[in-house]
Amino acid sequence: MNYKNFFWNIILLSSTLAFSIILPLNFIFHFRHDENLVLILRTIDVIFIADIVFTGWKYYSKTNEFFFEQGTGIRRYLSTWFIIDFISIIPILFIADNSFWGMIRLIKFFKLIQLMKLYKNREIRIAGVLSFLYFGFWFIQISHWLACGWLYFKGYEANLTHSDNYVRALYWTITTITTIGYGDIVPSTTAQMIYVMAVEIIGVGMYGFVIGNVANILSKKDPSKQQYQNNLDNLTSLIRLRKLPVELHQKLRDYYTYIYYQKFGYDEVNFINKLPKSLSSEVSYYIKKDLISKIPIFQEASREFVEGISLHLKPVVVVPNSYVFKEGDVAEEMYFVVSGKLKVLIDSDQKEIAELNDGDFFGEIAIFENIKRTASVKAMTYCDLYILTKQQYSKVTFKYPAIARLIEAEAKIRKDKL
Amino acid sequence: MNYKNFFWNIILLSSTLAFSIILPLNFIFHFRHDENLVLILRTIDVIFIADIVFTGWKYYSKTNEFFFEQGTGIRRYLSTWFIIDFISIIPILFIADNSFWGMIRLIKFFKLIQLMKLYKNREIRIAGVLSFLYFGFWFIQISHWLACGWLYFKGYEANLTHSDNYVRALYWTITTITTIGYGDIVPSTTAQMIYVMAVEIIGVGMYGFVIGNVANILSKKDPSKQQYQNNLDNLTSLIRLRKLPVELHQKLRDYYTYIYYQKFGYDEVNFINKLPKSLSSEVSYYIKKDLISKIPIFQEASREFVEGISLHLKPVVVVPNSYVFKEGDVAEEMYFVVSGKLKVLIDSDQKEIAELNDGDFFGEIAIFENIKRTASVKAMTYCDLYILTKQQYSKVTFKYPAIARLIEAEAKIRKDKL
Amino acid sequence: MNYKNFFWNIILLSSTLAFSIILPLNFIFHFRHDENLVLILRTIDVIFIADIVFTGWKYYSKTNEFFFEQGTGIRRYLSTWFIIDFISIIPILFIADNSFWGMIRLIKFFKLIQLMKLYKNREIRIAGVLSFLYFGFWFIQISHWLACGWLYFKGYEANLTHSDNYVRALYWTITTITTIGYGDIVPSTTAQMIYVMAVEIIGVGMYGFVIGNVANILSKKDPSKQQYQNNLDNLTSLIRLRKLPVELHQKLRDYYTYIYYQKFGYDEVNFINKLPKSLSSEVSYYIKKDLISKIPIFQEASREFVEGISLHLKPVVVVPNSYVFKEGDVAEEMYFVVSGKLKVLIDSDQKEIAELNDGDFFGEIAIFENIKRTASVKAMTYCDLYILTKQQYSKVTFKYPAIARLIEAEAKIRKDKL
Amino acid sequence: MNYKNFFWNIILLSSTLAFSIILPLNFIFHFRHDENLVLILRTIDVIFIADIVFTGWKYYSKTNEFFFEQGTGIRRYLSTWFIIDFISIIPILFIADNSFWGMIRLIKFFKLIQLMKLYKNREIRIAGVLSFLYFGFWFIQISHWLACGWLYFKGYEANLTHSDNYVRALYWTITTITTIGYGDIVPSTTAQMIYVMAVEIIGVGMYGFVIGNVANILSKKDPSKQQYQNNLDNLTSLIRLRKLPVELHQKLRDYYTYIYYQKFGYDEVNFINKLPKSLSSEVSYYIKKDLISKIPIFQEASREFVEGISLHLKPVVVVPNSYVFKEGDVAEEMYFVVSGKLKVLIDSDQKEIAELNDGDFFGEIAIFENIKRTASVKAMTYCDLYILTKQQYSKVTFKYPAIARLIEAEAKIRKDKL
């Protein structure tokens, strides 16, 4: 994020907003000769003129927010946003300050809407907050203009102050567009009735649109939470149909909860698969880097190897007291322990020959020889493992024979131990 | 569910709720010197202090509800919930009972909301009811506070009792946030109008949010019912496009209805496939245990074998008067009868050589030899069968040769009978 | 549909409805001594008693609507619906006609709701209409009871007739639950206000629920139409992205429209695949029967053969002026013309050697020999074809060698002609 | 689009609309003797009679809009739309102008609704606008009729002008169906209350339906935008779970943005795969034509070859500074550069031997020989490439050996260069 640009855009937005708030009030309450107001309007003029200079400079120095869509360069500017920027200062040039044509400055909103959308798409971490502000902004604008319209048609009551008159009109507007309609303030002339109909149709629609969008933002769930909820729903439905023992459905619930809080392997596979090859290996690398670096034999490996291997490691979770594999099973993959504690058992699980912890790997004999498992491995706690199958192992070691030799050496030592 | 914890949480919730109900009324009706009220407030104080002790003990004894996310131990407590628990008793320590700062006790809600969410996720059997209570709780809170706010701004009418005044304010609140807005009670001053606008915008939004969520809970269909409905919809649409005979579409409807009421094999395949290996075989075991135990040759099998086989059995439903297979068909799988009645026919269906009932199995010759079916099997009633293919049979018997010999022996006897 | 049962259910529904309409009016307007009313109530009593006899007989004679879920037999009845049927006639037995306990008869609704749901699921052709009636029924019930409640709390105006009083109350109810709330009729006492709040919360919710469900029924699109709409949407989006020639996108639109109006092969494949084997071949038979019967060589085939072949025929649409295949293409399947007109061309499409019409088949040489296409086939109009691949052809003819010989003979004749 | 037909349909729609607007006003305000009105009605009569002639001619000359569903010919017309067209002129024939039976002319709406739907489906480029007009049309019709109904039941106020009376009634209608219900105009008699209830139930429902549909049209997003949004959402969620370096998530965001603005390869694969063979190759041809024509060796190829190849080219995007492949990788496909700039590097990326630009192709050695990559290719900018795999290359060149020889020749020259 370019903070200089961002700061300027905030100034620009504030002044346009101020102008759009003042403009209709000006028409109704005839502030024409108020000195403060004239000062504000002159300041806005200066900001708008400065914006042309600043935007031109941004295009020239290629720090323009829109560069992605539109390219850069002064020429580019002159043929695109300059037109809007220029139109918005016409009223200043011709000093037609309070007339109807002063409204032309509102064209600046087009640029600001584009900028708001841009920031919403770009600052994806705070996209929700920005959407919220965006709709809040529109809600205030619409309410204000509709309230001013009502003051115009209804006429303001002379015995009330300006602000009381305005609050009354705004109160009527909000009461109407939320479809509450108390009926304490109602139209009396035909013109007023026509205005009210317009507010009822358009205002209610716009209010509903804004509310609907805000509701969408609020109800947008974290996808991992949504998946958790779905898993629990399916579990609930299964429990209703089939009589599973209470311990088993607690076990299942705990498994889903574990997955949800650890988020190990969550959705990564899908996300990574949709990316082009170069990006997928990079993302995969950064996600698994910390985990892979715990595994001793990979610590000396080159980044290229880790990238290569990380693309092929498939995350898997093992629940406590269950077997990763059993003595005699067909051996097709090796495992890396990311976290958790496992036991290696032989002689029908009667003898424990080793304990495995974070950073250990096991089952590697299966990768080199076509034999059955010579021992069982049982998880003591929830274990996050990475699986590497025989086929994928060959693919990676084919490229990086040095690391392959290292693993094979370690494997031989272990096998001899047995 | 830990009932001691649950009971304490209910007490905690009740007292916080009582406090949050009393607090705004206290401001408006100046109950300050009411003895009953003072007693209630003191009781709440005691409960809040007791909660610190109790929660500390829960963390210490590892029976804390939040252990999953946060670990256990007194240290953990002191760095997390203790902060909120402590802030909520500050007003007691400084004896600032009725002042604005008494409100600080409402911070306890943060803890209670977390607890409510936790129970909602944990007690999945009654998740719907808990969600309902959760939203009901919020609806009451919001209405109460908005009504108290209205009493504050509008002022209460001296010639009405306290409760009449409150009901009037609540009536106004409900009428407003449901967007009905009769208009019999309306704001008159500018301050009141501003309050009403706030209620209209926030209250209506919150009411809509609560109603929307309750509607979601109510309309959430049992997935098996939804599937039944979809099946009927698709059938209706097919019938409109193609002229199927009336009996056939009744047959189809009956089939879907049978599936729906029996729920045999409903969605299990999907559910089980998504679980890690160790859990999937266990779930599969419990779902199919009762059914498999009906099949004589499996009754003596070890649990491990039943787990192994249950993962490979695919549920299938056969409609009455239809063939499971016909003489001369290529034989690729064997069948286990879970429920229903079937006939074995030879000589072009002219001769019935056997009747099959719950617990029987058939088609096993196909598993051992590469021959065509030597007889037809026809369903007399709706039949729930499990299919075991040749490939999967080998996988299972490879591990459990004892049971394999048993089935082969039985198969030989049967074959000789023919 | 059993018309006798249906007719009786209508009578039962009408009398329960009548009772539920009269009951609250009775309380409010004190009709106690109205002779007509007494007559109606006595008639309802007779109908309720008759229902016990009739339902018992239905269970006994196994024509009961609920047989699917509950089995049949008098015993079954006595342990299920009889309880409700009996409770609903208790008021008659104890002659407590107008008292509060008369309400107990409303328990009959439980049975009727089950019956309504049953008919909705069973009569799938008119499920939409029945749902509509179902929600209409509830809407009337709720409005009526809420209106009567209002009359009770508000008191009726003595200077108005009964019906005017009722219409006023109903008008208030509808105005409130639709959230319009004119405010011409408002509560004045605290009790009334509490009643109004209940109506606002519950009534508005129920109205929203009914409206939401009716909207769902109305907006439920024919799935084939929905697919058509999706296809057009995707096309529109493609056209915006890429500059396709106007004729091509007309061609695509026409193709989708053709598919939509002809509905040839629409979704059948999916629908049939989800059915168990026995049902799928039967459905497949009836869908393709008329089409297959047009093909001369299949006219003498047995039903079993047609069922077998119909499962393997895959529908395909060819657009005008496009090639089904070209001279020199690898030949892997044969085609059956369901409708449309095609040309067989050789010598680089210069010579037309045959015209194909409904019921013809072509490409059969490819099935018997491993050769390339010896001619091109071009569609003159939109053509609905069925494809039969080499593999599937073998599967079917393996079972039905007679038909296989017929096709091969015809194929030889044609080949010799070339 | 047939502009003559379209123009006539507009005239027809306008006159039917005018008639439906005038009709109820006529009843209420008794315009019977107004000369202008009579003129309008007579003009409508003439248009309706002319429509019979024109539609008959359209059917005869096969330019009828409905030809797709209904076929053509005068006979067809007489048995379908003629019936409605004729009924709509009956009032003219019997000169029953202002009577209740004049309403029969409204039957013409059935035909117009069909025509509107037809245009909506046909003119898919402006389907959104047409839907909008369609619902706007219904909204105006409903409001007008309900307002006239209110005038009828309420009676018009004699001291107001016709138009003021009408505006008042319309104001009441809009206020009611938007559920605002100020309550300044309320029913007083029982008949009025019944009418109001009908408006409340039906009017509110219809308004909600119209608003809901308009909201759907407005919120319908361009599918490519929706995918972009989803991608960003998934990215946001991943970033929250895993600590990716800031540069990487900017890289990912830029990649998604690039894909969104370039729309290279967007969804085409899906769209094309669902079409029948003949259409898919044609669409594929037009989409990739411009791109393929940039590639020199394809410029002389026949259209048939380009169609063949275009079906097999898979679009792929490469991000800047990433490798398409590296020296020593297994070679399985060749690449065509659509846009972008790449470098060919050997000796562990130390020596640059070539630069590749739009229209170049590379990696072709892999297609002819089973060797590893002899050089690395690295993208300098975002690159849009087409991939052609070995298998698909053989399929295409098998049919077009001439082009195959050309590519092989070029490949040999390049290989010799190395």
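Should a chain be cited, it is by its letter among A, B, C and D, assigned in written order, with residues numbered from 1 in that chain.
Just so it is clear, a residue touches a chain if its C-beta (ideal position, glycine included) is under 8 Å from a C-beta of that chain, and two chains touch if they have at least 3 such contacts.
Owing to the predicted nature of the structure, the values given are computational and were not obtained by experimental measurement.
Student: Work out the mean Cα position per chain and let me know which chain is farthest from chain C.
Tutor: A
Student: Applying the document's contact definition, name the chain pair with more C-beta pairs in contact, B-C or B-D.
Tutor: Between B-D and B-C, contacts are more numerous in B-C.
Student: In degrees and to the nearest 5, what turn takes the CA positions of chain A onto those of chain D?
Tutor: About 90 degrees of rotation relates the two copies.
Student: Given the pairs B-D, A-C or A-D, which one repeats the contacts seen at C-D for over half of the pairs?
Tutor: More than half of the contact pairs of C-D reappear in A-D.
Student: How many angstrom between the C-alpha centroids of chain C and chain B?
Tutor: 28
Student: With chain centres taken as the means of their Cα atoms, state the distance from chain B to chain D in Å.
Tutor: 40
Student: Using the touch definition from the top, which residues of chain D touch two or more other chains?
Tutor: 179-183, in rising order.
Student: What residues of chain B sit close enough to touch chain A in their complex?
Tutor: Spelled out, the residues of chain B in touch with chain A are 68-69, 121-122, 124-125, 127, 176, 179-183, 186-187, 190, 193-194, 196-197, 200-201, 204-205, 208-209, 212, 222-224, 263, 266-268, 271, 275-279, 282-283, 286-287, 399.
Student: Could you pull out which chain C residues touch chain A in their complex?
Tutor: 179, 181-183
Student: Could you please specify the touching residues of chain B with respect to chain C in the complex?
Tutor: Where chain B meets chain C, its residues are 163-164, 167-168, 170-171, 174-175, 178-184, 211, 214-215, 218, 232-245, 248-249, 251-255, 257, 261, 316-319, 322-323, 328, 379.
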